[in-house]
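A, B, C and D are the chain letters, set down in written order, and residue numbers restart from 1 in every chain.
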Amino acid sequence: MAGFNKIVGSYSEAMAGLEDGMTIIAGGFGLCGIPENLISEIKRKGCRDLTIVSNNCGVDGFGLGILLEDKQIKKMVSSYVGENKLFEQQLLAGELEVELTPQGTLAEKMRAGGAGIPAFYTATGYGTPIGEGKEVREFNGRNYILEEAITGDFAIVKAWKADCYGNLVFRHTAQNFNPMAATAGKITVVEVEEIVELGALDPAHIHTPGIYVDRLILGSFEKRIEQRTVRSA
Amino acid sequence: MALTREQLAQRVARELQDGYYVNLGIGIPTLVANYVPKGIEVMLQSENGLLGMGPFPTEDEIDADMINAGKQTVTAAKGASIFSSAESFAMIRGGHVDLTVLGAFEVDVAGNIASWMIPGKLIKGMGGAMDLVAGADNIIVTMTHASKHGESKLLTKCSLPLTGAGCIKKVVTDLAYIEIADNKFWLKERAPGVSVDDIIRLTEGELVVPDVVPEMTF
Amino acid sequence: MALTREQLAQRVARELQDGYYVNLGIGIPTLVANYVPKGIEVMLQSENGLLGMGPFPTEDEIDADMINAGKQTVTAAKGASIFSSAESFAMIRGGHVDLTVLGAFEVDVAGNIASWMIPGKLIKGMGGAMDLVAGADNIIVTMTHASKHGESKLLTKCSLPLTGAGCIKKVVTDLAYIEIADNKFWLKERAPGVSVDDIIRLTEGELVVPDVVPEMTF
Amino acid sequence: MAGFNKIVGSYSEAMAGLEDGMTIIAGGFGLCGIPENLISEIKRKGCRDLTIVSNNCGVDGFGLGILLEDKQIKKMVSSYVGENKLFEQQLLAGELEVELTPQGTLAEKMRAGGAGIPAFYTATGYGTPIGEGKEVREFNGRNYILEEAITGDFAIVKAWKADCYGNLVFRHTAQNFNPMAATAGKITVVEVEEIVELGALDPAHIHTPGIYVDRLILGSFEKRIEQRTVRSA
């Protein structure tokens, strides 16, 4: 009897079932709050023709950027992909497709995917190249475009603390896209810094209820910093 | 003399009001935070999920899990809240942010803005800019008045792909403070020592020039 | 003998599987929680914003801020989470709840369900029922097979306004366990001592009866 | 200089500006987490022809039910209104209009109103009286109906703790509709049980950021229980 215990024992088990051609939704913003080790496991598995939905594509040599090295990514759905030389090369060479999506629309598409909302209207992108080919409709005198939800075969998520039921708490701004990603995967895999006793998390302060989580694994993280900015003490 | 980056930020900062929730874009807009007028309080929203952005951390305070939308390490100010990207853009899209300041390549008399894509150059993406311009009622664009080659960035019609349509009402350039209404640019202030003629020459879109154009002071 | 309310709940409870997140409607469905089979764990979702509903509180534990969707005072089980109504229905609408159990006035061979409104009678509202039937893949309806006046509630076409269209696949009545597929009712089990003829007589919609209809045991 | 201090000194100040014919969005589920004193203030002010958007309409003599006593409500937008004799009478007498809305759709309409989403598609209510007259559209082989956002002139909200910036934390299931209501009012008024020092709330555990809150008042609450159910100790 497994009950609600979502803990798995290895990264290989965590990503079991991932196949060529699948769509993966990934949490994280820049290098902050990214599922580092789940990404490494995808590289290790070597699956190809992947569609990755993530606000960014990591950097050269870290984060989702490492999946470019063996050309595992067919298509990225992102709002900003400017931190990555290899990305640029593969894009210019026509080896990589990119579907640019405004950041807020991307977040809302993931949320909608998890929440059973197939599509919604937004003013974001109306009158721009992003609105081209999309239905335009007026509400209360303003024009909006129709945007459809996103779901994935897998969602990969990084949280701070979890209990064995998969209830999650995120740390600081490492929350970002992770909660929405968690709702939008057919299989949602989460790696965390700490697994706490059941009952140790305050029910009202759980960011992601365990119902969204299928597999949970304890990891250790490099947490690379992209822009190290400081002031004098 | 054209305004320096710091002066641009200073001029923009005069538009801040007490109690404003403000989103500052990357570049010159970020500098605005250094010039908040005395006696007023503003809170900075960072679209990756932070309301109440504080100063950069000291070496000891650096935390990889605490960054802003420019991916810089930051701190949270007292009274800050932290939330998901969906919540952050609900806030932005829903018009709850009082002021957004961002840069641009071009602005036109219809209030259109182009700021994210130059055809033929590599596209990096719009990030949150399209959401920000669609969501805020009150947007200030900061940019140089003309390109390095002397081509106006204040146009009859934007030539580059748009970031947002009909959403810009205020522009602070290195030469002037300009408002947009009724399909015209309205010259409101000029940079110290910059002549009205220079501004007219470098403004391609229709510009309404009043009899007196006050000079900015710093 | 027609099943009692408790037996109905018991029969429904046999459909529970280990690790199921379950939403139980008001009335008989609520009783299902008392018959979770040994060796399996389920978590109860209450649509007002609680996942992991515990038992009723003791007198000492009563808290006005801790209620279920039936507005009853409850407790939170270990490992529970609490959230907003929007989050709760995102969970429901998004198909994350494994099983929903609810009552009904009528069900038909197309899987339509009518459970919230009787024209001419005062309308109280659908509450969360329409969201629950639209969101769950796996729904069990519990109800009496026929009205007090002997009118079938398993129909060719619902006569009352619908709660949801084409969403019901399983019905547990006081007389039988029936599945819905291909625009037919499929008789799977009968209540102890209830004859197949009685079930046929009280089922208005097309009913497929196998050669052997096992009797439920309790 | 007020800065971000949202605290007001009286209930009359809290509801200042409320006028006949306005729309009010109210948090609460049943009698749980309802803004008791803000409702009493609306009764005291005597505004009429109000449209109230709330999951329920209180009970006779408590909660929103008291606004029925002087016939202040013209229209209720709710999912369930069955706990209230006076409601029934006024409805049958044609003195009160009711727009029944599925509970999840109601929650999502409020969220959408606050989030700048003018409309969204949902399967809830398709093929039922709720779907009549609404646009139907197919996505991935399933039919959905179009539902529009709700906003209010005022939102009235009950929270547990707040700081003076209006950052809110809700207690247990008294959260319910309150966070969405808070986002959807032109003027959002919040009453709380406790106002804590600025900085005392963990930024990552704030349910409603202060940006949504216009006025904040400290109240004391009866917290009436609708269905008192107990087990033996």
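For the reader, a short list of remarks on this structure follows.
Definition applied: a residue touches a chain if its C-beta (ideal position, glycine included) is under 8 Å from a C-beta of that chain, and two chains touch if they have at least 3 such contacts.
Just so it is clear, the structure is predicted and the values come from calculations on it, not from any experiment.
Under the contact definition stated at the top, the chains bordering both chain A and chain C are D. As a whole-number value, the distance joining the C-alpha centres of chain B and chain C reads 55 Å.
The mean-CA centres of chain B and chain D are about 35 angstrom from one another, to the nearest whole unit. Our note on geometry: chain A versus chain D, Cα centroid distance of 32 Å, whole angstroms. Mean C-alpha positions place chain A and chain B at a centre distance of 29 Å.
Multi-chain contact residues, meaning those touching two or more other chains, occur in chain A at positions 108, 111, 115-117, 122-123, 171-172, 175, 203-204, 207.
Annotation for chain B: residues 76, 82-83, 89-90, 92-93, 134-135 touch two or more other chains.
Under the stated contact rule, the graph of chain-to-chain touches falls outside the line, ring, star and complete shapes. All chain pairs in contact, by the document's touch criterion: A-B, A-C, A-D, B-D, C-D.
For chain D in complex with chain B, the touching residues are 1-4, 111, 113-117, 163-165, 167, 183, 198-199, 203-204, 206, 209-212. On chain D, the positions that touch chain C within their shared complex are 29-33, 55, 78-82, 88, 91-92, 98, 100, 102-108, 110-111, 122-130, 160, 171-180, 207, 223-233. Chain contact summary for the complex, chain C toward chain D: residues 46-50, 55-60, 62-68, 70-74, 76, 82-86, 88-90, 92-93, 112, 117, 122-131, 134-135, 161-166.
Per the touch definition, chain A reaches chain D in the complex via residues 108, 112, 115-123, 137, 139-140, 142, 144, 148, 169-172, 175, 202-205, 207. Residues 18-19, 21, 39-41, 43, 45, 51-52, 76, 78-83, 87, 89-97, 134-135 of chain C touch chain A in their complex.
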